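Once you scroll down, you'll see the structures, which are given as structure tokens.
In the two complexes that follow, chain A is the common piece, with chain B as its partner first and chain C second.
What follows is the complex of A and B.
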């Protein structure tokens, strides 16, 4: 934009100063986040095992199961969320009747805004008790698959339940993003596919999905980032322990970093606080990497802009 | 000829079957996903209505054990903390977006854009830890107060405001700006009088949606705003309960009369959901009302 054409006055300087200052403030705030978190984490790294409140574990031994649990729970939730989200997105963008699609889109958007604590409350009071009999059936009939081996949890508060709740939470997010991408498929590509005699599914597979591939990947990554950082739903639903376990239905489950912080922070003191902050820093780094990858994929698609020619 | 029709016929059966199958799967995925979502909404309404009464909105949990009491203190806390977060985030967010779209060039703008992306991905609990780490440095490790919660929330809110405002500013056509410059209007007045009014509908919608996003945050407030059973109007001193934290603690710290606590938790959840839905509806209405008249 040819900004130099405009006359520069005092108002200009003040206003651009404000805008500039706000931008700088963002830099400062994020630098502060990093500095404070690192500063508060340092004492934890050197903590002796007796100071780590789990008794007898060194800091790194404490960190490892939490990291595992965080990634495990999020990965499990993606197994449910991705196919369902794609289904919803396709349904709204290409299969549902036009008028219905608009309404459904709004409903999904609204669900994306439901607070996580409500999902947590629903998970523990509604989902866990009603799904427990299914788990019992699974240990009896599918127990030969190592993941489903018993003894089954009596409350249903297992990592699998958490994964389902997380999936329910991120489905609106992933499907909303995918829907937007699918709707942007060039009309001509779709019509060309249909004109060549493709069935609707072939049209979707040949025109819509390839066009939206980058968008799908980044939407899934953003959903994954959300699942990794989700706190309350996990804290409420899971009956936690600090272990590494691949069993989905037992009462001993690996907990996540975020849930562990939420559950232990109110009672933590001294070095315990530092240890929790250090785990938080690790969570920050994990989500940073995931989101970074997602952004990298998105940025390959050129953004349309009317302002900067 | 018959060979051709035969093979075409055979292939089209397979293709038709696949097509039908995928259609069924897509619809099935939609229906399956709908089950938990419908159950969630129905349960929240059904169970939340138990205590959706005058007492819930007129009393706090001070000196309440068992039945009775309410979430007034939490409602006040939520409104105050969210309002404070909005007051911090909206100016910074909008001005940053203006910087990025109207002024920003080169590496600084690029790095700010990148950092906004980073901020979008900050897990809410990390924002809470940051606010805690910041204030614990000055006031000691026992620090819990409402404004700290607002700071944590604004950390989550600023990137949403920047992103949506940026998008809205970018779709304002350059011809409008150039016409204004051609009339000799200075740049800042062009932004204030031409660019912002054109995009104000979208900006306000984005802001309201950002508020809706942070109003339900639990984790950071659990850490920095703490928990109290009494009304506290003072953002700057003492613990302050917000609705999500209220829901969480009512459920996790059930007393002797467990049902009373669970009922209160559900009612808190219902109020929270109504707030979020109301904000979303407001956002939509504002977007319609405020969109530039010529553009419709």
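What follows is the complex of A and C.
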């Protein structure tokens, strides 16, 4: 009786209407973007190699190196960013004195607010020139590892430099999320671990990390999303070519989809525009797939993460 | 109190001065109604070449100061986009690093009066400098074949025999060459590759293109990005507008039998000795630059950018505005302003007159 005749005030109607509206709006926007991308991409499928204008590459041959470059750059940046971010998050949540933790947290958040064009400027004017001698040393002394073989780039504007810049950009995202997750660890779990004689590191390993696993994965995925789509910093720093290459220190580096669009769109015309938009569609799909994988991981892990205990 | 009072006095003085000026303005207008340029009013837009972008900004600023009621905007969206928008009638004029192709000329120009064709005049000429950063080397002579081999990746060391042969007396280091090209689609690359292709067709077989045709070498975004990469790199070489060379060493290139450094004058000379593309209207000053000049006063590695508009506009009021603005750009004053602002090579007096005559006929 009381359930069916529940009082509905105007505020409830407005609020539920607004919530529904917002939910639908985001779907409509997404659908509109997808429709635009697909419609504009279709003419590109029939593009001839001369229209692609990349040394006789066909349209599909053009997509492959771009896909590789996008994922390669993002993956490299995660290699740097993930361990560092976890370290920062753990330090702030479990090691640092409270006052220092607050300051450090704010500083990390501040890093996230720096526009990417500034990171790009930093990359070309500071990082690349100062890291070039290190690259030179690496090709001489570590050149037997295929990744580091020469000839070394004379400017240091390689995919490795880009990965470092990207890592600096995504560290605040990953560490801020992880920090919040780690702070949620039930006090009882931590104290139980300590009571069983665990050291601090063992406590972190036994109580904090398992509890936060799903959170860590989603934080990494958010960071990965940013790295995949980052445009300006990559376009400014990287010395790009449309190639597939695993060498980290050479002048010829695989470029990313977003940077390639930014560099070539201003002068593109006719079917050239369609080709670039088609690569945009590809990026859209890559992001969708990676997000799907992340969801899958989170839903599988959530069951035994301890988050539901 | 005192402050307020003097403030009031100042206001009164200012107000009367403005009135006097306004009256004087009216008086001069009445006595000479057709000549005063400040009678012009209206808004129009252009789009195109990003190379011209900063020069257009300078011209617009100067023109609007003289004609306060006119508002002009220029979108440096790129040459191709500019031509497309102009043909579609979206903008009143275009700036373009290459002249209209025969195909484009055959189209209907939406902004122009039915049946009329556009005019084209060169308005932005800039020498392209070959810049390099090699420790201990300040002077360098290069010819087109060696340049082509460097940028295509065939020559990889600074002490290569081919470079040494052109630079007797210079100690070249045993250092890897990092050849930096533009990673974005650009008119500078198009003119640079056109030069290599025309002068050294055996070494550089690719036709002129805005996108660098090789996957080898180092790429950098925009003129400033390229100059930055050359400046901060080791054993680097690149190409950029002379005015943007930023204190880097500039190579001399072989013209005929001598090695010539890029100068504004050399660029103007090269354009003055170019031939007009045949089979077009008299108002179409599309130049075929002879990259194989032998005159040691000329520097044929240049970028020529054009101003494109209608000979007769569908809307005569727009025609009047474009006529005044374009007339200013190609005038000696306009070119001098451009040279001061962005370091373009001013049109020679003869060429400036030729362009002015074409623009004077705009309706």
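Following the convention adopted for this analysis, the second predicted complex is superposed on the first by the 267 of 309 C-alpha atoms of A that agree within 3 Å, B and C clash if a C-alpha of one lies under 4 Å from a C-alpha of the other, contacts with A are read in each partner's own complex, and residues count from 1 in each chain.
In the analysis below, contacts are C-beta pairs under 8 Å (C-beta built on N, C-alpha and C of every residue); 3 or more make two chains touch, one makes a residue touch a chain.
If you're wondering where the values come from, they're calculated on a predicted model, not measured in any experiment.
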{"item": "Chain B versus chain C as contact partner of A:132, first or second or both or neither", "value": "second"}
{"item": "Which superposed partner A:258 touches (first chain B, second chain C, both, neither)", "value": "first"}
{"item": "First (chain B), second (chain C), both or neither touched by A:153", "value": "second"}
{"item": "Partner chain in contact with A:269 - chain B first, chain C second, else both or neither", "value": "both"}
{"item": "Chain B versus chain C as contact partner of A:236, first or second or both or neither", "value": "both"}
{"item": "Contacts of A:187 with chain B and chain C, given as first, second, both or neither", "value": "neither"}
{"item": "Which superposed partner A:124 touches (first chain B, second chain C, both, neither)", "value": "both"}
{"item": "Dominant toucher of chain A (residue count), chain B or chain C", "value": "B"}
{"item": "Which superposed partner A:99 touches (first chain B, second chain C, both, neither)", "value": "neither"}
{"item": "Contact residues common to both interfaces of chain A (with chain B and with chain C)", "value": "124-125, 235-236, 266, 269-270"}
{"item": "Contacting residues of chain A [partner chain C, same complex]", "value": "53-55, 124-125, 128-129, 132, 151-157, 235-236, 238-243, 251-252, 255, 263-264, 266-270, 272"}
{"item": "List of chain B residues in touch with chain A within their complex", "value": "15-16, 18-19, 22-23, 25-30, 32-33, 36-37, 39-40, 43-44, 47, 91-93, 95-96, 98-104, 108-109, 111-112, 114-126, 129-130, 132-134, 136-137, 141, 155, 158, 162, 169-174, 177-178, 181, 184-192, 209, 212-213, 215-219, 222-223, 226-227, 244, 247-248, 251-252, 262, 265-266, 269, 272-273, 276-277, 279-280"}
{"item": "Chain B-facing residues of chain A, complex", "value": "1-3, 5-9, 11-12, 14-16, 18-23, 25-27, 29-30, 32-33, 36-37, 39-40, 83-88, 90-92, 95, 109-111, 113-122, 124-127, 164, 168, 171-172, 175, 199-202, 204, 225, 228-232, 235-236, 258, 261-262, 265-266, 269-270, 273, 276-277, 280-281, 283-284, 287-288, 290-292, 295, 305-309"}
{"item": "Touch list for chain C against partner chain A, complex", "value": "50, 77-81, 83-84, 156, 176-178, 180, 183-186, 209-211, 213-221, 225, 228-229, 232-236"}
